Every structure is written in structure tokens, then in C-alpha cells.
Amino acid sequence: MSTQTDLNVRILSYVDALNEAVEQEMELDENVFVIGLNVDDHKGIQGTTQGLLEKFGSERVMDTPLSEDAITGICIGSAMAGMRPIHVHIRMDFLLLCMNQLINMAAKAHYMYGGQTKVPMVARSIIGKSWGQGAQHSQGLHSMFMHVPGLKVVAPTNAYDAKGCMMAAIRDNNPVIFVEHRLLYSTDAPVPVDPYIVDFGNARVVGEGSDITLVGISYMLIECLAARDLLSEVGISAEVIDPVSLMPLDIDSIASSAKRTGKLLVVDNAWTTAGAGAEIVAAVCEQASLSSVGRMGYASTTCPTTPTLEKLFYPNAASIATRAFSMVRPKEKQWKPDVEPILPHEVAFRGPF
Amino acid sequence: MSTQTDLNVRILSYVDALNEAVEQEMELDENVFVIGLNVDDHKGIQGTTQGLLEKFGSERVMDTPLSEDAITGICIGSAMAGMRPIHVHIRMDFLLLCMNQLINMAAKAHYMYGGQTKVPMVARSIIGKSWGQGAQHSQGLHSMFMHVPGLKVVAPTNAYDAKGCMMAAIRDNNPVIFVEHRLLYSTDAPVPVDPYIVDFGNARVVGEGSDITLVGISYMLIECLAARDLLSEVGISAEVIDPVSLMPLDIDSIASSAKRTGKLLVVDNAWTTAGAGAEIVAAVCEQASLSSVGRMGYASTTCPTTPTLEKLFYPNAASIATRAFSMVRPKEKQWKPDVEPILPHEVAFRGPF
Amino acid sequence: MSVKCPDPEMLARVYYSLRLIRRTEEEIARIYPSDKIKSPVHLSIGQESVSVGVCDVLEKNDIMSATYRGHAAYLAKGGNLNQMFAELYGKGTGGAGGKAGSMHLIDMKAGVLGMSAVVGTTIPVAAGYALALKRENLGRVTVCFFGDGATEEGVFSETLNFASLHNLPILFVCENNGFAIHSPLSNRWAKEALCERVSTYSISTHEISDGDVFAIRQTAKAALNAIRSGEGPQFMECKTYRWREHVGPGEDYDEDYRSRDELTFWQKNDPLTTTAKMLTDLKRQAIDIDIEKKIAEAVKFAEDSPWPDSKELFSHVYAD
Amino acid sequence: MSVKCPDPEMLARVYYSLRLIRRTEEEIARIYPSDKIKSPVHLSIGQESVSVGVCDVLEKNDIMSATYRGHAAYLAKGGNLNQMFAELYGKGTGGAGGKAGSMHLIDMKAGVLGMSAVVGTTIPVAAGYALALKRENLGRVTVCFFGDGATEEGVFSETLNFASLHNLPILFVCENNGFAIHSPLSNRWAKEALCERVSTYSISTHEISDGDVFAIRQTAKAALNAIRSGEGPQFMECKTYRWREHVGPGEDYDEDYRSRDELTFWQKNDPLTTTAKMLTDLKRQAIDIDIEKKIAEAVKFAEDSPWPDSKELFSHVYAD
């Protein structure tokens, strides 16, 4: 991350980093445009599209009807003609209306048409959590897109990667599913002013360790880092890895860490069955047989709205630490950290929308 | 399969077994109905719905407009009212038009509404292969549905299971994704005349062995069985398992076989990334660390139409045998069976539709 | 008003329903800042007359389908008030045991189908229920409420075609409040010709432009009769206005997407006020007192109710 | 015919195109039993005049989008014949190197957008291309062909609304052959009022009921002028008839879903025959001979072409 040593680095929120990435790409390339319901309103998708309308006009910052299926196809067609659409979805759950166009057309066009056409587009999607988001506003569906050749999937977990991955996604000549998480929006990090790219396919070790490898996907990386602190208090050293991009997936970095620690726990911000965690665990086990592997993620239920049940639906620092402890010290009796860390953005976060 | 010892067992094709299951359930329960494009025409979905219109009339065998999204929702609503719709899709690829209703409504209704409503429906979907089916008529998307709590997924590989699973699916009080494969349609097996149920969640050992465990999903089970024959010629004894149902998944039967043989190779009729194979390999590795695990499936590309490339897109008996050989005898140099078995149904199959 | 002197019983019923909804949502807005309601709330304040006018002419065993902005329809159809508040509070005594929140209310006992937070998804589901009612052939009907934005989803057109093709007993009611979140019709509709379009599916259409609760009621009554006598689906477009912000308890006229003048216009014609005037003070006060009592009870019920047992997380994933 | 004595050059062009398509598909049908074509084929025989009439008035750099039943449109727009046959044969010299087959033909050099085997999917894609052409502002347009069944998909309505809302330069052309596979309109449409419905999106509509190639051409010409002069999308519904089975080379009049009388009616008004009659024998024979030569060359090209190299399986999964 050499660019981080630049002089012109400031602390920026995830929201502002996304906003800046899009604004800079729109300045650099007139073919880039933003489209989606309410991208032009005063809330500006929680601020991520704020100011773009004023700067670039309604031809390049387009509000839409509620027609996700058609708008996706329209993005694909405009991309085939050389434009670079960024289609914004305020909840990832709504991508389920776009599956036919994303999977039957966007993912396949370049191949099915023998390379005669390309589909450079970005589908931004926000995963919701808490405040009773419930069954239909909380899903993390990234594994469905990882499954299909022709699509790329990225899930940056900090403001620096948010900007770098967004610029890379916009410049990419393939459809990119951009996975954001509502609870990451208020987090901040040092972000260079100048445009820069975070290349896909490079996992990042965000906390070194020797006893177990924790892979945290999307928002769950934050919980894994907090779990790492809890574990250190009982003398367990956990290495925490952020895959950053899920397709392409940097499985080798994850595998080499897991081989070193001998233990792998993948914590996904989604269901586990046939999920990203299954892919990572299976791919690592194909390379080497570890003493212990595990997956955590959403409970195998629909997401309830009531906070008391919702709390049990998601993994958290404590439950991750407990699981990791039992993997590192299988003989010892179960351990539960007594403190449950409150995560900064949870304080900052203003529900419900 | 005690019922198979009944006197009234005949050899029936997969097509006729499906047809009989639906006909018998429609006789037993007037709430059962069939709906889908062209279910009432002279071809009767390759024969699987033939004769039903004449017997039950157009109120219970409904042709539809091309409106997969709405028809799925209509099935859900009628199911909430106590009916038992069977929605037929001539290609699984078209389920991508139904994702919003299947995943945001059907899968969640019972939970999200606190048990006040149920959605007993079956979505039949046929996976296509060969004769230039190509990018959009060949997809096996079952892992996407396995990923979502609230849905069940079954993929019977023979006529006996086809009838028993279909009757179970129709009687099930939850949405069931019924995965069929075009190349299995002409295969036949002994099938009892009387109604019977094949309970979900029971994997079946279809060929015993001691050196490696092969799990074959949907049509790939046929290729695994042929691979088993090839392997036996070089003195390798492969155990072949048919999961039959993917959600619920009988992971314990698979794991106990894999623990015995020490080696697990899952061959899916779909892409491997975050697929059913990833789930099975990961789940088994969570239980025990094996000496060698592997996955095979569609090449990580879009499906090409030309036969020369399509041939390379799919695993087959020979490539499965080669891979299994390398897992069982890692030190020996690569082995390729010289004969490539022609599978009965491939002769019987009449393309293109 | 289109009806000079409505039958007093009906008038009382209508006023009661309008007032119950208004006061319930005002109470929700009052409680909201306390964070006791951990659910997004999409208030219907200002739009009550659509739900009330239509539901007043429904039979108890008819079926009603609505959206995440469903408090009004839920109450107008006779949904349980205690269970509604408990559900908003996330308590185990809620209609869905705390798993639904405000956006997925349901009360099958009262004929209230489950609501959905994904716009448009309930439209085909309501039609599917109507398909079953047609087979049942007991004269029951389904009413399907949705917003102007929902008509932009392809599934709306698909459902109209199927419902008409199969002559389903369903009344479609579009609550056209002119906005999808903050997006005005002009950003979303090529032409304001909804009724005209729907009629091309050979569905009879009715447009009510002023939110008049009696006009809505009369129109719905006639439409329901037509449906029950086998004439197939009918369609109503009711112009209305959302007084509060899209989601949450407050107002948002300081934002530039709409002006307070619009609100003033609709407040002048607020059916709650006009119907109140048509009642004797005595009658009105009796109703008001009764409503305050019911709401207070419901809030207390919600506050006193226990949280769901943690094992409930795993109940109802699959039906037996 | 609507045009008594058409301009001879235009007549020759139109006849050439009609004849090229008819003969190409007859040749495909002839070859088909040999299994050299390992792809489903959806023949347009009988429907040629829609593609030919519309495409004759397109500019070379205009864009055309069609369906899996796309041979006619592909050839009418000037798609490469050799590459088409090679593609059907699955050879490496095919337009998509053998990865597309008959259902996904493409020829961007000729302005032929990629076709799709999933009904309706190309409609918004064509509109998206038109959105780019609008920004380009060089007067180019997109023509989007689709069948009657495709209009039942929600995405069709969604696209019409968006295209009109944003005044996109696109001509929608519905080839209404009355069937979706074997399903007649009466099983699928609540009402035959497609043009009426489309006009509610403030899109000008034009209906041509007899397949007259000159009437289609005239109508398309006027529609394209309107689009190029900034009047936004236009819509044509052309009644036509599929002479062969839905998929495959044969006929299926022995099946009960339709009768040969229908075929007879349309064959009597076959634009290929009527235009042939308008030409001198000399002129016609010259064209016919030229076409046979081109087709023979294309078949030979396909037969002599190599299969794609096995490494092509992994090319074009992702674009650089």
C-alpha cells in the first residue's frame, strides 16, 4: 500500500472514500455514470453519491423507476456500447431481482459472444444489519456471484480499500459485484487524495498470529479483529486475514497462513452452506490437511427483526473467540470472554435506514 | 427401499416415474396442481406432464404466459392458501427470473411471519446438456438454493428416487427445488406402482469401495459409477455415494465413508466455486482431516456450444477416474483409461430440445 | 364530500378506523425516539382513507395484502392492535413472535396476509391467494394494496395479465402518493396513464383523486360486487399523500424534494377531520376515548410482554 | 401490396434479402439431419419480411438486437454468412468461435448485437445500447426485435417505461407469430391490445397485420425518421407466422396445436413469392444464382473450417 505513504493522505470515512472514488473516476472518464433509485436525492445513498448530481448532472447521475431487472439490462447494454455504469442497490437483497441479467447476460456475454463484446459495469450493493432490518434487508449473497464464472466480487472492509477497489472495479472490463456493509460506512482510515487502484486477488494479513488463522469476510473482519484482541488476553495468537476480493480469491495467501498455524476459521457475513467460507475451507483443504478447520456465519435461519434474536443470528467477537479457543485448545473446557467489545461504528451508526 | 420388493414393481423411465408421481399425488390431493409454460402441450415437458391435462383439466394443469417471476409469486400465494403448486421450468437457467420470489418470499415466509403461513410448493427445473445447449441452457444452480435457509433441494438420479422424491416434495410443507437432468430422463429403474416416499436427507451408497469415496451429484453420479468400473480395472475400489437430497444433506453418511476410505472426491453437475462440492468437502473436513480431498465440476468457464469445447467443459468417467487415481496413488505417474464408456442414456437421448 | 349524509353506523365505523390508525401511528412516532421500537417504521399518516374506505366494505373472511407501509391496512382490516405493538417492540407476543417487525406484519386470523419489505413482491402472492379463492368458489376476494412505485416493477404487469386471463377475484388498489422514497413520479413514469394501461388487460379501473374516504368506499363496494359476481379483477388508483418522511417518525419538508404547500392542501381535505365534523361531539368523544384506551393497553401489553425465548431463533425455519 | 411499383433497386435488395434468408434456412434444415449442426435451430422461415422490411431502412452503423430465432434478422442486417454457418457447425471460424451456436449469434461489425436464448433478456440490453447512442448523439438508433411471448415478461414493460422516460433512440419490433413454443396467445394474453398498452407509455405504435414487406419497410422508415429527429422510442407490432416447428428443421401440422390452413393462408401472401413476381426473370435468376453460390460457399467454409483449439475453452471468461 505504498500510496499510503503519500503526503496527501487524510482520514476519510468509508462513505466519503466511496464517494471520492466515484467522483474521481467520473472526472477521469466521461463514460462512467451512476444509476439507481434515489442516487440523486438529498440523502445520496447515505452520502456515497452526495454532490455527484450537482457536479455531473442528471445525465450521469440517474434516478430510476423501481425496475431493477430492466435497469440491470440497460447497464449491460450501455456497457457493451462502451459506457461504464455503476448501478446502486441500497440493499443486496434487491440483487435477487437482477439475477437473470447479471448471470445469464453480464457474466456470459464476453465468453458467449466469443469476445466480441465486453460488459464493464459495477453493481454496488449494501448489506444491512440491525434496527430490525430483518429477513429481506440483511442478506449477504456474495457466494451466489462467486459461483458464476465471468463475474468478479469484491468486499472491501475499510475506507482505503473502498476507494481503491471502487476505482479498480470501475476500470475493470468485467461486471463487478461490489459488496458494501452498512456498519462499515462510518469507519474511517487514511486515504490518499490521488486516484489509486487496489488490485483484486490480493488478500491482506491485517493482524499477524501463529496459533490460528481467522478469515473475516466483509463486516465480519471487524469482529475477527476484536476476537483477536480477546484471544490475546488468554495467550492465543490469531492471524487475521482480509480476502478483500472474493472472486478472484487469493487462496494461496490464506492457505500459506493456515498451513503455518495449522488451523483455519472462516467467518462470513452470510450463511455458511455453500458459502464463501465453504469455498475457502474446501480450497485450503485441497492443498493441505489441517488439524482443524471451521466456518462461522449467519445462523442457518432467516434473519429475525427482534434484537434479542438478531443478536444470536450473527457471529460476534465473543462467539468467534470462543470458537477459535476451542479449536486451538480442544482439550480445555469451553471458554467465554466476559467482556463483549463495543465496536466503534456501532456507536456511530444511526439506524434505522 | 423395502417397497422395491413389492410384487407390483415395473421398469419405468425417469420421465414416466415423474409423470406417475405427479398423477398419483393429483389423484390423492385435489390441492395439487401443475403450472408452467407448455405443461399442457403435446410434448408435455418431454412426457413428464403428458396426459395430465386430459385427466385433470386445465384448472389443474395450467399453461402460463412467459412471466416466471409473477407465476412463482402466484404459486407462493396459492400455497399460503393451502394449495400445492408444482411449477415447471424447462431449464434451470430460468429460475434466475424467480430468485426474488423464491428467496425473499418462499424461503422466508414461514419464519418471517412467525409460523402463521406455510409455502408448500415444488419448483421443477431441468438441467440441459449437449446439442449446443450452451451458456444459458446448461446451468446447475442448486448450490444457490442450498445456501438459503427455508428452501429444500433434491436431485434424484434414478427413476425410483424420481418418483419417491417427487411425492415427498409435493407433500412437503416447504418450498422444494426439484433438480432434474435432461440426460437422466431416458434412464430406467424398477419403480413400484403404489405411491411411496423417499425421505429427504438420506444419502445412498450406490457402489461400495474402500480406496476412495466418490460423491456424484445429479447426472454426475452416472459418470462416477462408470469411473468406478474404470478404476476397478486398475485395482482401485471406489465407493460411490448419491446424496439424493442436497438440502437437507446427509453429511454424516458421506463423512463416515470418507473417514473409512481417507479420500473424498465430490463431482458436481455445476461449477465448483462455492458450490455443493465446496459444502460437502468443507463439512467433511470440519469433522475429520482426510489425507486427500478434491472437487470436480463444470470448468470455470461459461458453457460453450461447440461439442469439441463442451466435451472439455464437463467431467466424465475418464477424467474422474484419472483424478481419483492420482488421489489414491499420488506417487504413481498420471493414468488415463483408454476406453471411454458410452453411457446408455446418451444413446437413447434425442436432441436437441 | 361525495356522500352528503352517510349512514351513521358506517360513519362511526369509518371515523373510528381513521382515528385509530392516525392515533396509533402518532403514538408510534411519539415512542420512536426512545428506541423501544427497533424496527424501521413507514408511517401511513395522511393515507389512511384508502385502507379504511376499501376495508370497510370487505367481509371478515376476505383477504387483504399490503406493503411495508402497512399499519393502516392492517388496522383497517381488523388486525390485532396488541400483537402489532408487541411486534414493533420485538416481543414474543408479537403477531410473528418478534420476527417480523413493522415491515412484515401479518394476522391471518383477521385475513391480513404477510407484508413484505421488497417492493412489489406481495402483488403476485396476493393474486396466487385469489387463485385459490377462485377454486374455493365461496365468493371470497383478495384486496391487494401497493404504492405507485410498485407499479414500475415488471411483476406488476405480469400479475395483471395473469389475474385478468384467469378472471381472479382480486381488487388491486394503488396508493399513489407521488413518491418512491424521495423520487417523484416525473423521475419514474413516462406517462401518468396508469388506469389507461391497466385497462388494456381488460381490467375495469377506477381513479379517485382526492382521498375522499366515502368515494373510495363506494367505488370499492361496487368493484367488490363486480368481482364477487364473477367479473374478474378490478383496479383502483387512489391519489393520496404521505405526510411524514418515507421511513421514520418525523417530517421532512425542510428537504428540497417537496414543499409544505402540498401537505397543506391534503391537510385541508383530511378525511379524519371531515368525518369528525359529521359526528356529534358525544359520539366522537366516546370513540376517541375508546381508542386512547385501546392504544394505551396495546402499548402496555407490548412493554410488559417478554422477549422471545432464545430457542425461537431456530423455530419456523422449516414447516413440519 | 401497399406499394404498387417499388423502386427497382430497393425491390431487388428486398427480394435478395428475403430469398437469402429463406434459402439459408432451407439449407440448414436440409443439413440438419446429418447432425453436423449440433445446436438447436429456431427457424424464421415465413417471418422473413419483418426483419427484411425493417433492416432495409437501417443505416449500416445502426444497431440491431434479436432473439434466438435470429437468423433472419442477422442476415437482414448484413451479418456475415460464412461466420454464421461456421458458428452453427461449432467451428473456430464462427462469429463467436463456436461458443454461441445458433441461439447467440453476434456480428458487431455489422451492428448485430448478441442474441440470447433466454426470452426477453435482450430487450433492456438493446435499450441500454440506445442510451449510449443517445449520449453519443450521432443519430444512430437501435432496433430491438422480439416475439409476442417476450412481451409477457415484466422486463418488457419496465424497459418501455424507461426508454420512453429517457427518450431513447430505439425502435421496438414485436414479431407476433401467435405462439410461444406451442402455446397460443389465448393461453397467455388477457387481451390482444399490445399497441394500445405500449402507447400508454407515450410511445407511438404501428400495427402491420399481413406481413407485407413494403408496408413494414414504409412504417419502419417513418418510425426511424421520427426517432432520429428526437421523438423517442417507437413501437411496431408485426403479425407473422412461423412455418416450421418451434425448434428444429421440420413441420408440425400433424400436432393438434395448429392447423395447416393457417399455413396456407400465410403462404398465399408470402412476400418472397410476391416480390419474386415483381422482378424480371433475368434479374431474379441472377439473384437466385448469386445466393446459391454464397450459401454453397458458406457451407463449404463451415465444413472445411477447423474445430476451435481446446485452449479456447478458457479464453474470454474475463475481458482484459
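We just call them A, B, C and D in the order they show up, numbering each chain from 1.
Here, a contact is a pair of C-beta atoms (placed from the backbone, for glycine too) under 8 Å apart; a residue touches a chain by one contact, two chains touch by 3 or more.
Owing to the predicted nature of the structure, the values given are computational and were not obtained by experimental measurement.
Common partners of subunit C and subunit D, by the touch rule above, are A, B. Separating the CA-averaged centres of subunit A and subunit C is a span of 36 Å. Averaging Cα coordinates per chain places subunit A and subunit D 42 Å apart.
With each centre defined as the average position of its C-alpha atoms, the distance from subunit A to subunit B rounds to 32 Å. Residues of subunit D in contact with two or more other chains: 94, 98-100, 104, 116, 118, 152-155, 158, 161-162, 165, 188-189, 317. Listed for subunit B are residues 64-65, 67, 69-70, 93, 97, 100, 104, 111-112, 134-136, 149-150, 300-302, 304, each touching two or more other chains. Taken pairwise by the contact criterion, the protein chains are fully connected, each one touching every other. Those residues of subunit C that touch subunit D in the shared complex are 152-158, 160-165, 188-191, 193, 196-197, 200-203. Put simply, subunit C touches subunit B in their complex at residues 94-100, 104, 106-108, 113-114, 116, 118, 121, 123-133, 135-136, 154-155, 158-159, 161-162, 165, 315-320. Subunit A contributes residues 37-38, 41-43, 63-70, 93-94, 97, 130-137, 299-302, 304-309, 312-313, 351-353 to its touches with subunit C in the complex.
By the touch criterion stated above, subunit A contacts subunit D in their complex at residues 59, 64-65, 67, 69-83, 100-101, 104-105, 109-120, 149-150, 152, 173-174. Residues 38-41, 90-91, 94, 98-104, 116-120, 149-150, 152-154, 180-183, 187-189, 247-248, 255-257, 307-308, 310, 312-314, 317 of subunit C are the ones touching subunit A in the complex.
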